[in-house]
Each structure stands twice: as C-alpha cells, then as structure tokens.
Amino acid sequence: MTDIAIVAYHQSKAVSDVGACNEVELIMPVLTEVYRQLGIANAQDVDFVCSGSCDYLQGAAFAFVAGVDALGAVPPIRESHVEMDAAWALYESMLKIRMGHAESALIYGFGKSSPGELPIVLSQQLDPYYLAPLWLDSISLAAMQARILLDAGRISERDMAEVVSRSRRNALANPNAQLAGDISADDVLAEETYVSPLRRADCAPVSDGASAMIICTVEKAREWGVPYALITGIDHRMETHNLGMRDLTDSRSTRLAAEGAGVGAGKVDVAELYAPFSHQELILIRALGLGDETSVNPSGGVLAGNLMMASGLSRIGEVFNRIIAGEAERGIAHATSGPCLQHNLVTVVEKA
Amino acid sequence: MMANLAAVVGIGQTKYTTKRHDVSIAGLVREAAVNALEDAQLSWDDIDAVIIGKAPDMFEGVVMPEIYLADALGCNGKPMLRVHTAGSVGGSTALVAASHVQSGSFRRVLTVAYEKQSESNAMWALSTPQPFSTHLNAGAGGYFAPIIREYMRRSGAPYDAGIKVAVKDRLHGARNPLAHLQKPDITMKEVEESFMLWDPIRFLEACPSSDGACAMVIADEGLAEQAPRPPAWIRGVAMRSEPTMYAGRDEVNPQAGRDCAGDVYRQAGISDPRRDLDCAEVYVPFSWYEPMWLENLGFAPEGEGWKLTMDGATSLDEGGDIPWNPSGGVLCSNPIGASGMIRFAEAARQVRGDAGDHQVEGARLALGHAYGGGAQFFAMWVVGADKG
Amino acid sequence: MSQPDILNQAFELGFTYTRSTGPVVGRFLTELRDRNIVGIKASDGRVVVPPMEYDPDTAEALSEFVDVGEEGEVVSFAWVKEPRESHPSEQPFAWAMIKLDGADVPMVHWIRAGREADVSTGVRVRAVWAEETVGFITDINGFELVPEEMS
Amino acid sequence: MSERQDPVTGIEAPIYLKYNFTAGAAPARFLSQIRKGVLTGQRCPRCEQVYIPPRGSCAACGVATEEEVVLSDKATVESFTIVSIPIPGNPIQPPYIVANLVADGANISFIHLMSECVNEEVHIGQRVQAVWKPEEEWDYAMDNIRYFKPIDEPDVPVESIGTLPVSGWEG
C-alpha cells in the first residue's frame, strides 16, 4: 500500500469554553495555520477535503455545513464529511489518495462541547430502546469498566493516578493543554471520588477546539519541500455494542487494528492514545503491546484536553510533531469512538 | 495512478412507506443489508468492511448511530465508517464505500444508507431554531421555492412543466413495487389542483416522507467477475461542494453540480450525456428540479431543460430517449438519508438488467445522482454493464 | 470593528420520538409490562438480557427467548453521588452491570442503595417494578439490594 | 396478569437536551448593531463582497470578514415564495410571503417576510423597505424588522440585483 505523507498539522488550544466563536470561527484559524505551514492559500490548493464533527455536541443539525464556509470553496471543491472523529476523515482521505483521485487532502475536526452536557449527550449514542432512555452517561459507563479492571487486579487506583500525574506533567510542555500541572499520583489519590471508582482527574475534561492536517503523496510532499512524516499503516475496528458481551478489561478491536496497521513491525518510540479515562490508557497500552521504550502521551493526551471529534486526528498530529522534531522515529496514534472503547483506529507514523 | 475497478454485485432495498411499524431502526437497516447479501449470494463473513450513511442524527434521535448498529450489520471486529453529507449522503456513502475497493484496500464491502423518518418529524429536525438565529426557517420547500421561481423566470418554462414531472415520476413509481407513493391513475389535473404549499410548489409536486433503507455490496474486479449475477461496473465517481451562500452564487444552476457532472462524465468517457447514457436516477425532491438538473447536468442547454420534460424525453411511458427516474425517484419515495443511495442503486439495477417493470430496455450506462444542503453538495456515479 | 455584546441563551433541543420496536425488543418490553424478564439465546448458547436482535459473533438474527429471574448478581457498578438531572434517581445511586439468574450476559441498569458501602461486586439485587408498567425499560424502576439472609 | 393486552410494538422516547448557546463573534457584532436598529453587513477583505447576515467568513474566499458596513433598510426582491402551511414552532399564520431580499449596499440576499402587499403582485426586482418594530421592543434579533413592504420605486433589472450601493436605486 502506498505510503502517505503528513505535511502539516495544527491544533487550537483546548479550552473549557471558547465563548463567542461559531463553527467557522473555530475552524478558520487552524486552517490558516496549516496553509501557512505549506505556503498555500486555501482549500483550493489541495485535491480533497474531509471533516469530522457531531451535530449533537452543540445541538444543531448540519453543523458541518457551516464548516464549508471556512474553506473558500469557490470554485467548488471535492469535499466529504464523517459524523465521527476526524481521524476517520483522515482514513477516508487516504482511500481517496490511494485510488488516485487526489494527491493531497485537508482534514479537519471541530467540536464545541461546552454548550451541552457532554456525558448526557453521549448517553444518546447507546441502544435507543434499552440504554439511552435510562440516560446512562459516558462517565458512569467508564466507571463500571474501571471497576472490572480493579476487581480483577489488572490495575490499581495508583496505576490510574500515575496515568493522570504523567498526563498533567507532560502537559506542562504542551501550550495547547487545558489541564497541566506538577501533580503527583498521591495528589490525585487524595482527591475524593467523583463517579466511583473514578475521580474527576481520571476523566478527560470537556473542551472546545479544532485541529487540522494536510496529507499527500510522497511526490507531492517533495514538491512542497516541507519536512514530512509517513503514515505507513492504518486500520480501524468496531466491536459489539453489548458491553456485557465484551471483555472490558481488554480492547480486542484495538488489537485487531494494531495488527492491521502493522504496529508490531518495529520499535515504537512514541504513542499518542485517545483514552478519555485514565484506566483506558492502561487497557490500550496492553492491547497495543507497548513497553518501557515507548513514551506514552507526551502531549498529556486527552486527559489534558479533549477536543471531541478532533482528538483522534490530534493524536496523529502529535506523533507527527514528535517525528518532525526529531524526538522519535516511529510512533503510533490511536483514536476511539463509542462507549468504553467500542471502536478504535490505529495509525503508524514513521520518519521519512 | 488509476483507481482499481470495482462493481456493484448486490443490491437490497426495503419497501418504502410512511412508517415501518414492524421493525426497529436496526431491523430496518438490516433488512436492506440482508437483501443485498442475498442478491449477491454472500454471507456476513464475506464482507470486509461496512460503510453506513444517513442524514442528521436528529431524525431518529440516536447520536452517531453506527455505534448501536454495529451488531445488526455484522461489524464486530470489522471496520465501520459513518458518512454524513446532508441530503447527498446516500450518494456520498456509496462513493466512500467504492473508494474502499477502488483504493485496493478492501476486496468486498457492504454499504447501507437509511432513514427512519417516522420516528420524529423531519420538518422539526430541519427547523429547530438555535438562539439568535437570523434565519427565518420555512422548511426545505420554503428554501427551494424561491430558487424554482427564479428558474421559471429565467427559462420561461410553461407553468405545468413541474406538473408534468410530478405525473411522470408517479407513473414510473407505479411500475416499482418498492415505491412509497403508488399512484397509477394520477393526472395533470390532480397535481394542478393539489394544495399549493410553497408557491410555486404544490403538494403533489413535492416528495413524501418515508422510512426505508438501501444497501449495496461492492466488490473488486476479480470477485465481481465471479459474481453469480451481472455486476454494475463503476465507471466514474465524483463529489463536489460549495458554500450555501456566497455573493454571486448561482443557486438555480450551481457550479458544484456542473463541475461534478463534468468530472464523472470525463471518467466514464461521456461527451453527450443525453446520447451516451441510457437513463439517469437523479435526486428530484421537488418536480421542478428535473428541468433544472437536466440543464445543470448537461442533458439540455441552459434554459431548455423543460423542453425535454414536456416532449416526454424523460418518460418511460412516452418512450423517451433518456428516461429519468424510472424507479419513480425521490418524488415517490424519500427516506432522506437513503434517497441518494437509492438513486445510485437504481442506476446499477438498470445496467444489471434487473429493474423489473421499470427496466429501461437495453440499458448499458446509467447515472446516479444525489444532492444535499442548499443544493451545494453533489455526489454522482456512472455505472455500466461493461468495464469500459 | 465594533465590540459586540456576548450573547448567551439557554435552549432545549427536544422531541418525543415514536419508535417502533420490532419483534425482539417488542417481546422484551411486552414481558416487562407483564413484570417478567426475558433474554434471548445467542448462537453460542449464552443467554443475553435484554435480548439482542442480532448475534454479535455470527450476525445471525436471534429468536429463542428464555425466561430469566428478576434477581441477579452485580458484576460491576459505578457510584453516582451527585445524580444528574436526567438520571433515573434524585438520590445517590449506582449504575450496575447485573447478571440475572438464568442469564449469562449482564445487563446495565441502576440500583437504589443508601450508601456506596452497601453496594459491592457480587452482591445480589432484585428488580423493583414500577407502580404502573407500560412496556418501557423503566418498568424496572431500578434494582434493590437483596438482604443477605434471603439470598 | 389476567388481562390480555396487545403486544408492545412501539415506545415513546422523550429526548430533551439542554444547551447554553453562545453566538459567534461575527453574528454577535451584527446582532449588537441590529439591537440599535442598524442593519450591518461585513465586507470580505479579498473579494470585497458584503455579507448579511455575517457568519464569520466570506464563504467564497474562506477568510474572516472584519470590516463592518452599514446597510440601507431598503432592499430588492431577489425571489420569494408564498407559504401556505404553518411551520412548526413558527407563530406566523399562512399564507405569507417569504422573500430572498438584498439590502442596498449588500451583495447577498437574506430571507425575511413581506407584508402590506398583494401576494399575487409580488415580483422579482420589486423594491421594498423594512417595517421596524417599536424601538422599545428591539432585541438581538432580525425580527426587530417585522417585515418588508413594497415601496414606490421602479423595479431593479434582474442583472443589477445584488449590486446596488447603500445610497439605493433611483431607476
């Protein structure tokens, strides 16, 4: 399969409430920045555009239609949208390039989650007859998953607190982070529980923001003459929606996706994992077979700021940044969707 | 680099109706999927990935419904992707599904699009005002009626061109047992006397609101060649988008539609669509959009689309040379999220010679078309009985 | 450029959806209305509650209903000390995965309990029926703890 | 259960979600002006077209529209429809006219109501002017303008609709 190059990436600051800023105003600044990185003018200078967003976050049907106003889509452009995290928009874009219908693609994701009650909005992702009518929120679902891990002795509360501590400390070096600080595992454990066994710090914050990326063929990357990294593998897998039929201590779909993406083919220097809850990072590390040689979530991950519908794309972008900075040669990025890691995407990014 | 060859090897639809009382959302989607698998003589294990599409989640009130539909579509352990490009989504979803195969990444995928509109009220879902909204929302008809009026002014079309389309498509639909509206005895007079909803759009010139789903199996060249029933080879694929509003936008004849058609024709080697294509399934939710799209898609010179309609060129019953919407089209059945895929699938049925009583005799090359938003998102494909 | 006012306004996005259930979900809800709980047999023989329409492993349609008990064992739970407005209880409560007697796969529902310490993995609970059952998942108005001497 | 009831085949699922909406910066600037009875557009720095209501960008160029332009409350009918059915949640009673109107000084139409007119005589190119609510009722809303009514000015030729200066049209 043809390798595809990442040539530009930018993410807005993750903030708890971006305030007077609509979809277009959220998207335009990140697009402007990726255009600047390549020295291009607008979406006319790429062959395909694909975005990821979710209408229910801000409570308006067709929220993504407004996004098109940010693109400069006159004359008309080749454009598509997934009602998913933009990591899946990247997946769609890669197919477009691989079928020879595009040399380059702009991908963006955006989410303004602050207007609604996110965990309750997400409860309406669940089975509409058995679960959604109970208003079973996303945090409570994750809490039940965490308890299964704790009961099974697979992890301890300290393990979870250490994930949080590492996230907050790593985030100190991430200017886009919403939550950062020199916090120890003991500090976290001293917090009272929120939705037991989870503490607030175990849960990703609610954030507003956007991110954007440009990918292209290797030939096009050379033509643009910018530093680039290569996507050498990508795969994503779904699991059953019935939580009771899944092994919640593991992520089978992540294992399958990692296998499909070829994670095991080499050393993994860096991994950016979309784990909205601390215990899920531990599940993912195990499912991906990561060891001590891998730096996990050097950005702080989504516990430091979670841009719904963009966080998955941002994980890929964070790995890209490490490779371009020379801090890593090979990394993996993970994206997730659905309750308790139901749907997972794994990308392998390597130095060109 | 050339795209790999891909073909439709299985098609499944539900019967379209106002409300499917007898199935859950999963049951509706599943029915189309199973029909497509049966048509392809395949089982769930033969499917490598599933690509699903529908219009806004608010129609059914299920957020990102692929999460819940994973089991109904046999997705456990497989890739599953959800597309949403407004009203064009059924077409876009088919194109994204095709790209899974055309990119060489997958050998055989299932794609499904649906809408169970009866769970809510589409009008409500499309009109929910956000605070400080500066738009006066009069529904889809309220949005498109002024554009139709401008077309009528520009083209000087006779007032009854829309009425003619409304009758023609309902007569086509009467040949299609899956069509929602069954009106074999419809007359021009009946349409003309029907209630004027959004002047110049009369009740019978507008589409119904339907429940329904449509599915296709798309396979690579090797598998398609071995398929038990004739494949519909995908000869061209194109998408275009433009903003809803910009100064100087031609809303009557949007450039995105013209460009998209030009792109898909170039791939399929079509220089004169009226001559080269045998039929077309085109997204016509309000009758006047037939003459408008005849021009936009290059079947007629600008200002003359209505002449084809009035001459019967697009009618099966009048022996027209380029039947449009032999299935009855969106004017007969409109499960919004599925409507685009139904157009794509019906085009494929024609070139597979499998369209029953609405078969266009000897059809070898057909266009499937979908549009959405403020007539700003376009998705099209050309399918053929031959690889090309 | 003028300095705008910040314009904030609360709004509600709401609709009462009219869902058709299909035969499997409909059967479960019909039984609930009759204060009875049924599961369905998956292709591997496991009994799943509430009944799934399609088997997650084989994707086949399922149809073999099995009566299960209204008591069961807590497999996991989450303690909600500050219920949200839309939650089923105004008092602190637990969400739980509950394996009903006769079922192999736990279902998710909620438990009424005074204190977090009263709930634990492995504890037995029993369905509390709503005063009026209508054929909706909330016909089970949560589960209650079964006193130990009774279990 | 002694009484035999019909099997359950459907449920009602009330899904009501609460949001706290904040208007975007560009719409907020527009609405803050209309609160004072002033209709404003925003000009694209690249193509110089004037947008109303502004949404944050020139959709054609994909750049922010920062320059504000005061517009006339006189406008031209670009197109229209006569609506004969009530719209859910909309208090206006049918039949009523919804028109695409281009304000003098703007290059794009917005949708608003027309009244004080004979429905059958409304036509493309017709000149209209805003009828405002009393000042004490003004809010951050486009419906500070109750509707537009025809005025006694000659029709604008179709090719000139969307190009009139803020000073208007003398025919």
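When the chains are written out, they are named A, B, C and D in that same order, and each has its own residue count from 1.
Please note the rule applied: contacts are C-beta pairs under 8 Å (C-beta built on N, C-alpha and C of every residue); 3 or more make two chains touch, one makes a residue touch a chain.
Since we're looking at a predicted model, the values are computed, not measured.
Peer 1: As a test of understanding: of all chains, whose mean C-alpha position lies farthest from that of chain D?
Peer 2: Farthest chain from chain D, going by C-alpha centroids: C.
Peer 1: For this structure, I'd like the pair of chains sharing the most C-beta contacts.
Peer 2: Counting C-beta pairs in contact per chain pair, the top pair is A-B.
Peer 1: Can you work out the whole-Å distance between the CA centroids of chain A and chain C?
Peer 2: 30
Peer 1: Need the CA-centroid distance for the pair chain A / chain D, whole Å please.
Peer 2: The answer is 38 Å.
Peer 1: From the C-alpha centre of chain B to that of chain C, how far is it in Å?
Peer 2: Once rounded, the distance between the two centres reads 39 Å.
Peer 1: Just how far, in Å, is the C-alpha centre of chain D from the one of chain C?
Peer 2: 46
Peer 1: Find every residue in chain B that makes contact with two or more other chains and list them.
Peer 2: 21-22, 24-25, 58, 60-61, 71, 76, 121, 124-125, 128, 130-132, 243-244, 246, 249
Peer 1: Give the residues of chain C that touch two or more other chains, as numbers and ranges in rising order.
Peer 2: In chain C, residues 4, 6-7, 9-11, 13, 15, 17-21, 25, 29, 52, 56, 136 touch at least two other chains, as defined above.
Peer 1: In chain A, what residues contact two or more other chains?
Peer 2: Residues 19-20, 56, 59, 68-69, 71, 73-74, 117, 120-121, 124, 128-129, 132-133, 240-242 of chain A each touch two or more of the other chains.
Peer 1: Which word fits the touch map of the chains here: line, ring, star, complete or other?
Peer 2: Complete.
Peer 1: For the complex, give me every residue of chain B touching chain A.
Peer 2: Interface residues on the chain B side: 1-4, 24-25, 56-58, 60-68, 70-71, 75-86, 92, 95-96, 99-100, 102-105, 125-126, 128, 130, 237-244, 246, 249, 254-256, 259-260, 373, 376-377.
Peer 1: Chain D touches which residues of chain A in the complex?
Peer 2: On the chain A side, the touching residues are 17, 19-25, 28, 31, 42-43, 56, 58-59, 66, 68-74, 114-117, 120-121, 124, 128-129, 132-133.
Peer 1: Sort out for me which residues of chain A touch chain C in the complex.
Peer 2: Touching chain C from chain A are residues 19-20, 59, 117, 119-120, 123, 128-131, 133-137, 139-141, 143-145, 147-148, 151, 193-198, 240-245, 248.
Peer 1: Taking the touch rule as given, give the residues of chain D at its contact with chain A in the complex, in rising order.
Peer 2: Those residues of chain D that touch chain A are 11, 13, 15, 17-28, 55-57, 59-64.
Peer 1: Provide the residue numbers of chain A that touch chain B in the complex, in ascending order.
Peer 2: Going by the criterion above, the answer is residues 1, 49, 54-56, 59-62, 64-65, 68-69, 71, 73-84, 88, 91-92, 94-96, 98-101, 121-122, 124-129, 132, 235-242, 252-253, 256, 337-339, 342-343.
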